[in-house]
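Just below sit the structures, each encoded as structure tokens.
You will see two complexes here that share chain A, one where it goes with chain B and one where it goes with chain C.
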Partner chain A sequence: MAGLGRFGAGAFVAPALALIGLFLVFPALWTIYLGMTDYRLTGLQAVDPSFVGLDNYEQILGDPAFWRSLRLTLVFVLASGIVGQSLLGFAIAWALRRLTGWLKSVVETLVLAAWVIPASVASFLWIALLDRRGGTLNEILGTQGTAWLIEHPMAMIIIFNIWVGTAFSMLLFSSALASVPPSQLESARMAGASGWQQLRDVVIPNIRGHILTNTLLITLWTFNTFTPYLVTAGGPNGASEILAVYIYNTAIPGGQLGVGAAISLIMLLINLVIALGYLRVGRARAARPAEATAAETAGGAATS
Partner chain B sequence: MAAITTHALVKEYPGGVRGVDGVDIAIADGEFFALLGPSGCGKTTLLRSIAGLETITEGQLLIGDRDVTRLEPGQRGVAMVFQDYALFPHMDVADNIAYPLKIRRQPRSARRGVASEVGDGLSLTGLMERRPGQLSGGQQQRVALARAVATRPEVLLLDEPLSNLDARLRLEARTFLKELQRELAVTTVFVTHDQAEALALADRIAVMSAGKLIQVGTPREVFAKPATTFVAGFIGSTPMNLLAARVEGGQVRLGSAVVPMPLDAVGAVTDGAEVVWGARPEYLGWSTTAVEGGVEAEVTVVENLGASVLVTAVAGADRLQLVLGEDDEPAPGSRGWVTVPPRRTLLFDAESGRRLDAERAREDAVAVDVAP
Partner chain C sequence: MTETRTTAAAPPPLAARVARAPRARHFVSRLLTVIGLALLVVFFGVPLAWLATAPFDSAPTLAVAWPDWTLSNFAAIGENRYAIGSFVNSAIIGFGTCVVVLVLGAFASYALSRVRIPGRDGLLYALLLLSSIVTGTAAMVPTFQLVNMLGLIDTHLAVVLVVSGGTLPTVIFILKDFMDSIPRSYEESARLYGARPWQILRDVVVPIARPGLAFVAVWTLVQVWGNFLVPYLLIRRTQQQPAAVLMYTFYTESGQADLRLLSAFALIFSIPIIVMYFLVNRRYGFRFHGGIKS
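Here is the complex of A and B:
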């Protein structure tokens, strides 16, 4: 604190701290408080909520709908995030590596377009694509009358989310692949390594830090995403009600703000566990400096 | 061990640029061969074409008796050491050395055995458990060499093998490389832009420019009898003096001075021909008294080279450089005569830049020479 002094430094940091306190810490604490009340959207408890202690948590943990939602969320995160977005993103990045010229630009633009289109527009596009009557997919396949969103709701939101989010993994892995020294790959080729062996022995060890960062971010984002609500609204009958949607359906249409707050807190705790788990893995791998930085960045993003 | 032969080898990049342009080369079994040239001359492209890292556009490449033009790098029996060594940072030294054996599905115990055996031969004993990041530059290079020779390749390729080492280590590594090559007797091709390195290491040197071979010869031939003014200017730590001249009455006129006809060129030139006269600074002498066939000049700059001095002298419009022993050092501003040994001077055609040589002229009359 040379030159500035404790007070001066504090003065510079104060506005940021005030904003963080107002918009992050206070709502979080408020959520904890709400989670222990019977606060409702309408009716008597909306005006005068009373303190109910851990009753909400008792109710949630005894509710099969919560456990189903949690299970659906895990499937959703694994299939659309870790497997879908990461693997597809890596595959596209790997394929684009050798591509040049207009074809590369076209593929990149298409993938990025899916990412930058506003969620409301993207979900409308998907509803139009999957509609039972007159949907594009049914037109193409000649399967008029197939209600994709009702018959396969989970599969559809998984594909939807892969479509929306793959661009991030692709971009991250593109830059990661660019950092792999070409001479190392060529060395492996000279030794007779196949494409797969080059991937295993050279590429993956070189981009391990990036893989960790990507998986952490994708896991958290997919875990928290609410966009599938715009496609299926959690239906039919809760069949695609992932946790974020479950909270919304409980708190707003269901009117139970207190219970909703309690589930939010549970979700926050799960997030923290995931983030800490990844950070641990990152530290245990001990440690090339580049990777440590990547893990820290990811940790920062996770807690915000 | 195998010879390398190319027939009209061409590597054309998209857009029509030719990195390698019709190269015919025959590298003998066990030879230590240098590809030398300024940056962008195609020497690295040629090396990478031999390695299989560049696809050959036209022509043929033989290693031993096998046509390997279209084979994958791993099937050519060729190993390569990259300029940056390209060691795998996440593997220890032993795993790095034995990596080609891992690809060949040899069991781990056999791999460790070969790694330590090869490593011992390259003074890497005791470093087997280290990661490349914990090694010095010279040690990293020896690991890369060990990895290349662990599979006993027929051909060893080295891309700028000494350029990543600091100056002092470079001399040491140079001697070491030459020793190793002799010991393994493996056909070795290396790329360098440093003419001193090529002269010191190679059995034969190919000088390249713009994707073509300009001259192939032993270091002595390339140094003493450069094929063109390009080679003459490129080879030698002090570049050859190249002056515009004219043939007059069996002698060579340089400005106001007349020097004797170079022995090689006797019979290859006609009177009145426009030529370029070439003489290496090391072969010129200095006299304070008038000499028949000498060039009168004034010393302008004297640069100390340790045991010798590099003298720049001006004769009319011409500048001459000569290397003299420390005992013969003239004072700047003094006048004298540059002495010219006719046996050590050369003539080049002023237009084509090719060396004029009576013997070569006769050979050319027999065989149509395709080199530029």
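Here is the complex of A and C:
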């Protein structure tokens, strides 16, 4: 035991646990209380908030803006995450699987670069691309004067998020495709299966676990991303105000910390449901560890 | 139509049919793949192209265009009151977080790796689960309020602590893996010579675990460098803001954005993270791809 008794071990672990406790566990629990107060950023309730019970929840559930935000979030997660990133990521991995050389590196590097550059840079690149007067998109399409971010804000943040996040699915599916036994594909080809039939009957059944993992992680991340705020700030008039942005706009510029905390709790609960789903899948797949490693390491990364 | 009928009337030998059809199909699918890849390059490349051209253009516009080469845009960074300071702020926050996470993470993961405490694995998984649920977005209100009450608004320390709290579970998880792989016999012999546990950690374990620590350091830097929400929430004074937030300020609050400054700033801001990413990518491969950026 390297001379480390139980007491010594405790002393080694304690500082890290204290920090995690104060800045990760405590905020999560505190939200429950904050959500039941009329805390405000400024004014009398900032100094002396009072307990209001479930009033905040009553207000939120009766607010059409909340339901619109929830609906937009659902569309956003479905279209940009589950459908957009997963399908495009898979398609790229599939198209590149037997390719080598410069074309493969070019595609991979571009997709990865979109993923790794800082969010505030990526956002400006898209604001510039979509600009009404001088934007590149209007120049390419010859649609001068189209204000994409005002006329189609949801479609734009969905496409933007696909652009940003596809790299993860591409990487995960590339490694998944590499794990499909070549002998099975070979015998399918010998039997005269077309590319589509090979995909349906050999590849998909082999990587079902990866698909599930990818879907759950992407759902969690897309649900929690704040980056669309940098492109549209939820506007115009809340037309692209997904839940993350809605909390921010309510709590900080809106000053209603209590209400913001109540929505935060709703968001935490949804996160919990998704994460528990992930855990169930992870446990079911623990029997096949080789398949699980990559994604599990990734799973630990859904921080900040 | 005619072709089908002729085929039906006099079917060619089986071998020929099999040989011809796949070749045509192969050609079509090849063509579709190439077209698809070309579209992908356009979709992912066009927005990025601005970052490659505008910083070097003497009169950058919002559109992607072949630049009228110059390096003078980078001088605009020096002329801005806050730009260089914001890189310093980013560096302080980045290295501060690295130090906190590495020191606390090394101690905790070493202890968790060497001592059997009942429920240890459960604790690790619970923390990991928690860190993926309590995201910066979902917990922004209580985090803001906590930092507010601690009187740490507008400080780098606040960002360091909040980000460290969020990343430590993952860091401990990764580091424990590295610690588990270090043979215990080295520590046993150090102990025979009377070394204290923390001396063993410092002189025996840390030097061996250096690759793991280096990986975690880079991983943490990548997480912090581009992080927008936490500093945006906790730091309001422009002098204190890191580059991620100042970049956003440049194009939202200054009326007509100065594209010379903006483009050069964006490129300088992006380069470290791209370099670090591809470095780690080359050394560690996909096992950590997902972990490197969330």
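Definition applied: the second predicted complex is superposed on the first by the 260 of 304 C-alpha atoms of A that agree within 3 Å, B and C clash if a C-alpha of one lies under 4 Å from a C-alpha of the other, contacts with A are read in each partner's own complex, and residues count from 1 in each chain.
Rule of thumb we're sticking to: a contact is a pair of C-beta atoms (placed from the backbone, for glycine too) under 8 Å apart; a residue touches a chain by one contact, two chains touch by 3 or more.
Keep in mind it's a predicted model, so treat the numbers as computed, not measured.
**Student:** After superposing on the shared chain, does chain C or chain B touch more chain A residues?
**Tutor:** Residues of chain A touched, chain B against chain C: more for C.
**Student:** Is A:75 in contact with chain B, with chain C, with both, or with neither (first, second, both, neither)?
**Tutor:** Once the two structures are laid over each other on A, A:75 reaches no partner at all.
**Student:** Quick check on the superposed pair: does A:202 touch chain B, chain C, both, or neither? Answer first, second, both or neither.
**Tutor:** In the superposition, A:202 touches chain B alone.
**Student:** For A:141, is the partner it touches chain B (first), chain C (second), both, or none of the two (neither)?
**Tutor:** Neither partner.
**Student:** Scan A:65 for contacts with chain B and chain C and give back first, second, both or neither.
**Tutor:** A:65 sits against neither chain B nor chain C.
**Student:** May I ask you to decide whether A:257 touches chain B, chain C, both, or neither, giving the answer as first, second, both or neither?
**Tutor:** After superposition on chain A, A:257 lies in contact with chain C alone.
**Student:** Could you say whether A:227 touches chain B, chain C, both of them, or neither, answering first, second, both or neither?
**Tutor:** Second partner only.
**Student:** Looking at A:44 after the superposition, I want to know if it touches chain B, chain C, both of them or none. Which is it: first, second, both, neither?
**Tutor:** neither
**Student:** For chain A, what residues appear in both contact lists, the one with chain B and the one with chain C?
**Tutor:** Residues 192, which sit in both footprints.
**Student:** Which residues of chain A touch chain C in the complex?
**Tutor:** Contact set of chain A toward chain C: 1-6, 8-10, 12-13, 15-17, 19-20, 22-28, 30-31, 34, 39, 91-92, 95, 103, 106-107, 110-129, 131, 133-136, 139-140, 163, 168, 171-172, 174-175, 192, 194-195, 217, 220-221, 224-227, 230, 244, 247-248, 251-252, 257, 260-261, 264, 267-268, 271-272, 275, 278-279, 293-295, 297-304.
**Student:** Going by the contact rule set out above, which residues of chain B touch chain A in the complex?
**Tutor:** 51-53, 72-75, 78-80, 82-90, 99-100, 102-104, 147, 151
**Student:** Give the list of chain A residues in touch with chain B in this complex.
**Tutor:** Of all residues in chain A, those touching chain B are 181, 183-184, 186-193, 197, 201-202, 205-206.
**Student:** Please name which positions on chain C make contact with chain A in the complex.
**Tutor:** The touching residues are 18, 25, 29, 33, 36-37, 40-41, 43-48, 50-51, 61-64, 100, 104-105, 107-108, 110-112, 114-115, 117, 127-146, 161-170, 172-174, 184, 187-188, 191, 195-197, 200, 222-223, 225-230, 233, 243-245, 247-248, 251, 262, 266, 269-270, 273-274, 277, 281, 286-294.
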